[in-house]
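Here chain A shows up in two complexes: once beside chain B, once beside chain C.
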Partner chain A sequence: MKLRNYHWKENVTGYLFILPQFLMFLIFIVYPIIEGIRLSLYKVQFNQESFVGFDNYVTLFHDPVFFKSIYNTVIFVVFIVLLTVAFAIFVASSVFDKNAKYVSFIRGSYYIPVMVSMVVMSMVWGFLLNPANGLISYAAREMDFSIVNLLGNKHTVLPVIIFVTFATNVGQAIILYIAAMIGVPKDLFEAAEVDGASRVRIIFQILIPLVKPTTIYITIINIIAVLKIFVVIQLLTGGGPNNASVTMMYYLYNNAFKYNQLGVASAVGVIMFLITMLLSIPQLRAMFKEK
Partner chain B sequence: MLKKRVFSAAAALVLVMSMLAGCSGGSQKDAESSGGGDASSGKKDKVELSLWLTPQWKGVMDASEQNADYDSFFKYAADKFSKQYDKYDVKVNVQVIAGDQRDEMLNVNLNGGTPPDIFFESVFAMGDYVHRGALEPLDDIVDDAAKKDIDQKYWDNVTFGNNVYFYPFAHNPGTLAYNADMFKAAGLDSYIGDANAIQTWTIDDYDKILKALKEKLPKGSYPMGLYALNNQGDTWNLAYLRMFGNKFFDDQGNITVDDENGVKAAEWLKKIYSEGYTNPGAESVSSNDANAMFQNQQLAISFTNPVLFNNSKADMEAGKAPKFDIRLANIPSASGNPLSFTYVVGACVFKTGDEVKTQVAKDFVKFFSTDPELVKASKNSIPVRSSVAAEFKDQYPLFAAYDANASNLFNFTGNVPGYSELRQVLYPELQAMYIGEKTPAQAIKDYQTKGNAVIQKAKESSIIFKK
Partner chain C sequence: MLQTKEKKKREKYDIVSNVIIIVFAVLNLFPLYWLFTSSLKNSSDVIKMPPDWWPKTFTFSNYTDVFNNQPALRWTLNSLFVAGISTILVVIASSMAAYAFSKLNFFGKNMLFVIFISSLMVPKEVMIVPLFRITQDLGMVNSLWGMIWPNVATAFGVFLLKGFFDSVPDALREAARIDGAGETRTFLQILLPIVKPGIGALFILNFVQVWNDYLWQLVIGQDKNVKTLMVGIATLMQDLNPNFAYKMAGATVAAVPMLLIFLLFQRYFTRGIAGGAVKE
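So, the complex of A and B:
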């Protein structure tokens, strides 16, 4: 008892300092999560709530669009994260040891799309790809090619969204990789060069292993970001054609705000929360192990 | 060491306390100010109302006024109302909401307990809120004079169960618009109607028109606008599905589009799309895109209503869009009778739980829906009041043409519950049909099944059906 008291006195200052942030965390993060879980068990109308047990989850698991949304979300996560990591490593490892001005130029060029709002980017792409009056279809018509509606074809709509999201996001990863690679001790490269190692070998056996913490970090933040992918879908395809590009977040939004099914939307939220946790835990464990 | 720790502990405590004080300070201040309001008896009490509307007409009476905007009319009406209202000192906050954001905004605010006091909008888009019990009946502000001046068919449109929930102000009949210059260029002079009439074609005529236009129009222009990206402008798509005589709803408010005539209409849509009589990519084109293409003379026939039609004409006059001879036509049908529908536009009052605000909101709705000067603004659409229509009939010859169409009106919502969600079911099926994922018959069958499930679910919680 005495020992606990001593520890308490010892740490009280620390606890008091984290208290404000901790209160915010409780109010704005923990409480909404608990409320979301509670709402997922209710049928919510604006003036009354009635307990329905797991009915909302049953509704979800009987809706093929929900499974489509999970499938699409997984496809997006896998491809966008892989593309982002691979392309960012490729660009960063090619330029990190070049002239500082050149590195800044590359960094700047890839970072501009990150600064532009996703809404603007989606609208620009929407204008380019519009099958009736967009620039790409106009050019195709002028050159007498047949008109391909990339957003209206269920086989091409996912690759287009993957590309648009990847192109907008990759700048962030490139910046992080270049910073990490510049931080790798120079003597390792010099030693490798003396031993006659090729550049490819240096990249794969020295550079990539040494920037592993950055890779883990980029992977986690991108997984979480892509799980929540919404703006591109809302502005470019509206989930179409025939729900071919619906994601979990878009499905949640439709239920919450268009169909007024707050209970069902909360159930989607709970499932997304669980998926994010499951996906992030191994990565977070790996990250903490490194430390 | 100990002193230092005590000091930093105290500093942390002060930080926390000051934050908490900061938070609570605001609410204390609020409480004081509201208490102060009560004390100031003698003067009229203040009541603040929020009024939302979706874009309707610009200006108080006319888009040509200086600084004309979508909220001009209601700002003017609020000013006029508060000057003559003796019960309270009223301030009205007017907010314009984009049509495709309406349900999102309302659902969020209803669930958060902050709905607007008044919403001015097309009735079809708001009927769902009646079924959900979110609106106040307005029977107590409708008097005999109004019942006499406004035709019964408009009252039927705003009556759910036994109560009136919207005060009819104007209506917007949906028709087609066509580019008479393009018709002439394609040698279709004989199909062009009078500039002040709404032309009626048979389906055979219409097929001939599409064919001739396709052959004669320059590259990059298409005979007819077709869209299915989202629910915007879906009423025209619903009308097309009735072209071969399908009634759409049965007496119990269930969808019955899956019959021979419904499937035939879907097959016709698919056929004109596949054969290139419409713009390409209907599955990812919105009604806004189609309207813009029509204004750019990339489409010869498109959808319209009086507001869009007048706006197009105004844009041409102002040099914002290329000028051409724009005219109106009905949606053709196999029976030869045109298909005609209209959006009645009017105000409704949301249940806010505040009796005073509800009463003032109702008084304001009654004021701008009956004031002899203000109701004249309904000339921007088509007036629901015979008195206003009669006053302007010489100035706006199309009023008579719309009036002649009134006998062919069909109620496209069937006043069914869950209509907002029902609107979300149609366009994915049309998309599936256009991209060839489903046959027209399959798409219609799936729409009916899903749509009826939506209606059934909404019926269970509808306050109108529970009665």
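So, the complex of A and C:
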């Protein structure tokens, strides 16, 4: 009897400690997900809601702009994530065994753009790429490039956005890789060096396989971050020219807060939610396996 | 003989790659250099082509313009309030939950933890429509509190701090309990001081994240006076004023606090970001 009493008390203590977090979780994560799924099946006009089944989804799949937004988002995810992982491995594998001052200089110079945020960096790039008085447009003119307005051309706008996003955010991946590579036991390299292995071989055969968990983690957090790419689109292109750079998040935002199509916007949200859940399964698996 | 040749080749790759990395690092910082120097030019110098690589005359008028023409001081205070209060609430809620998940036993603990952690992967932007309507129902649209509460739901802090609590030996907590300390006292006076580095890392990472957050603050802060710094400064970009020096001054105002935080607390970033990742 006494024992049961004790357990009961410990249970209550535990629940009380997680209560604040749990309440927030229910109100601002669980409920919005359920409500979002419900809204995606309704036509919402101001205070009036009417059930329309899958009409919102049907509307979406008849809208060429929605397809364009999926296409662009996929292109962004693939290229930005590949560039980020490859470049971060290159940087981290070259600097991790150097002296601490140098490592923190490299880390700092790549991480500072991450710190000052996508909003600020988008504004600077917007200035640099401005066709009238931007430095890059000036350079393009001087070098007789045919395209001066890189953001106004449907062929160059995607590569430019990919580059800007990659350059701004790669610092986080570099920090993670450096931390992971510093953690690799030194005797592994020493053994390989004695065997006469070149640095490039050490990187590819020892370092990269050993930091695989970091690679998985970086890949997933970056996929999810790029999936919701918004700031750079709103501030640099507004989705243009002619929807050439519209993304899913930008499409969602416009439907919700410009065209007042809350049902359609919710349907986009549900689709994006399902994609993120699907993509995060390997990461969640890895996190629980270690326990 | 072969050995030395091999050694030379290895060093060559090392030198070349590090030179490339340094060049890129400098190039990567160039936009920020351009931001600062442009913000100090006058309106005619900033559009001069070929450009002045270093301002010929320095002027602070762009900064005074930003603060005089826009409620930039108000925006800064709003951002401080939103980021500060969000972070304090996050630290309280997640340190309590992390302690429970790490040190206490209760029914359904593992399952609840799995559910919490799964939510880490869902960005709140995806659910922005229902989230907006909830905030509306709570009467918090166009209020700083509406920007704050949804941030508190993030499970990142629980995940980060649980790692720190796990590394504290159970014996310590048991000793405190045997000495007659209640659960709350054990948590507040024994365990919490030990995980202070974790709290510090969480505080800074979360503060920066909320400070730099954009979309949610954009939809909640509709009146000019309830905008945060990031959202307010971004409106300068769409401003008809063609003076780029003025826009760059605004962007600099938004960037400087984060640069200071980074320079002052660099070690927390490394620790916090790496601590939040999978452990190898």
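Here is the rule we go by: the second predicted complex is superposed on the first by the 253 of 291 C-alpha atoms of A that agree within 3 Å, B and C clash if a C-alpha of one lies under 4 Å from a C-alpha of the other, contacts with A are read in each partner's own complex, and residues count from 1 in each chain.
Keep in mind that, in the parts below, a residue touches a chain if its C-beta (ideal position, glycine included) is under 8 Å from a C-beta of that chain, and two chains touch if they have at least 3 such contacts.
Given the structure is predicted, the values throughout are model-derived calculations rather than measurements.
J.: In the superposed model, which partner reaches more residues of chain A, chain B or chain C?
T.: C
J.: Should A:Leu235 be classified as contacting the first partner (chain B), the second (chain C), both, or neither?
T.: second
J.: In the overlay, answer first, second, both or neither for which of chain B and chain C A:Ser94 touches.
T.: Second partner only, chain C.
J.: Just chain B (first), just chain C (second), both, or neither: which does A:Asn254 touch?
T.: Only chain B is touched by A:Asn254; chain C is not.
J.: Check the residue A:Phe61 against both partner chains and state whether it touches chain B (first), chain C (second), both, or neither.
T.: Touch status of A:Phe61: no partner.
J.: Identify the partner contact of A:Phe145: answer first if only chain B is touched, second if only chain C is, both if each is, neither if none is.
T.: Touch partners of A:Phe145: none, neither chain B nor chain C.
J.: Does the superposition put A:Asn130 against chain B (first), chain C (second), both, or neither?
T.: After superposing on A, A:Asn130 lies in contact with both chain B and chain C.
J.: Please work out whether A:Pro20 is in contact with chain B alone, chain C alone, both, or neither, and reply first, second, both or neither.
T.: both
J.: Between chain B and chain C, whom does A:Pro213 touch in the aligned arrangement: first, second, both, or neither?
T.: In the superposition, A:Pro213 touches chain C alone.
J.: When the two structures are overlaid on chain A, which partner does A:Gly183 contact: first (chain B), second (chain C), both, or neither?
T.: So A:Gly183 only meets chain C here.
J.: Hey, what residues of chain A end up touching chain B and chain C alike?
T.: 12-13, 17, 20, 130, 132-133, 138, 256-257, 262
J.: Could you please specify the touching residues of chain A with respect to chain B in the complex?
T.: Interface residues on chain A, with respect to chain B: 12-13, 16-17, 19-20, 44-47, 130-133, 137-138, 141, 147, 149, 151-154, 237-243, 254, 256-260, 262.
J.: Quick check on the complex: what are the chain A residues that touch chain C?
T.: 10-15, 17-18, 20-22, 24-25, 27-29, 31-33, 35-36, 39, 90-91, 94-95, 98, 104-113, 115-128, 130, 132-133, 135, 138, 167, 172, 175-176, 179-180, 183, 196, 198-200, 210-211, 213-214, 216-217, 220, 224-225, 227-228, 230-231, 234-235, 249, 252-253, 256-257, 262, 265-266, 269, 272-273, 276-277, 279-280, 283-284, 286-288, 290
J.: Can you list the chain B residues touching chain A in their complex?
T.: Residues of chain B touching chain A: 5, 8-9, 12-13, 15-16, 19, 103-104, 107-108, 110-111, 132-134, 219-220, 222, 229-230, 279-281, 283-285, 289-290, 292-293, 296, 298, 420-421, 424, 427-429, 431-432, 434-435, 437-438, 461.
J.: Spell out the residues on chain C that touch chain A in their complex, using ranges where they run on.
T.: Residue positions touching the partner: 2-3, 6, 9-11, 13-14, 17-18, 21-22, 24-26, 28-29, 31-32, 34-35, 38, 46-47, 49-51, 92-94, 96-97, 99-101, 104-107, 109, 112, 114, 116-134, 149-150, 152-153, 155, 158, 183, 187, 208, 211-212, 214-215, 219, 230, 233-234, 236-237, 244, 247-248, 250-251, 254-255, 258-259, 261-262, 266, 269-270, 273-274, 277-280.
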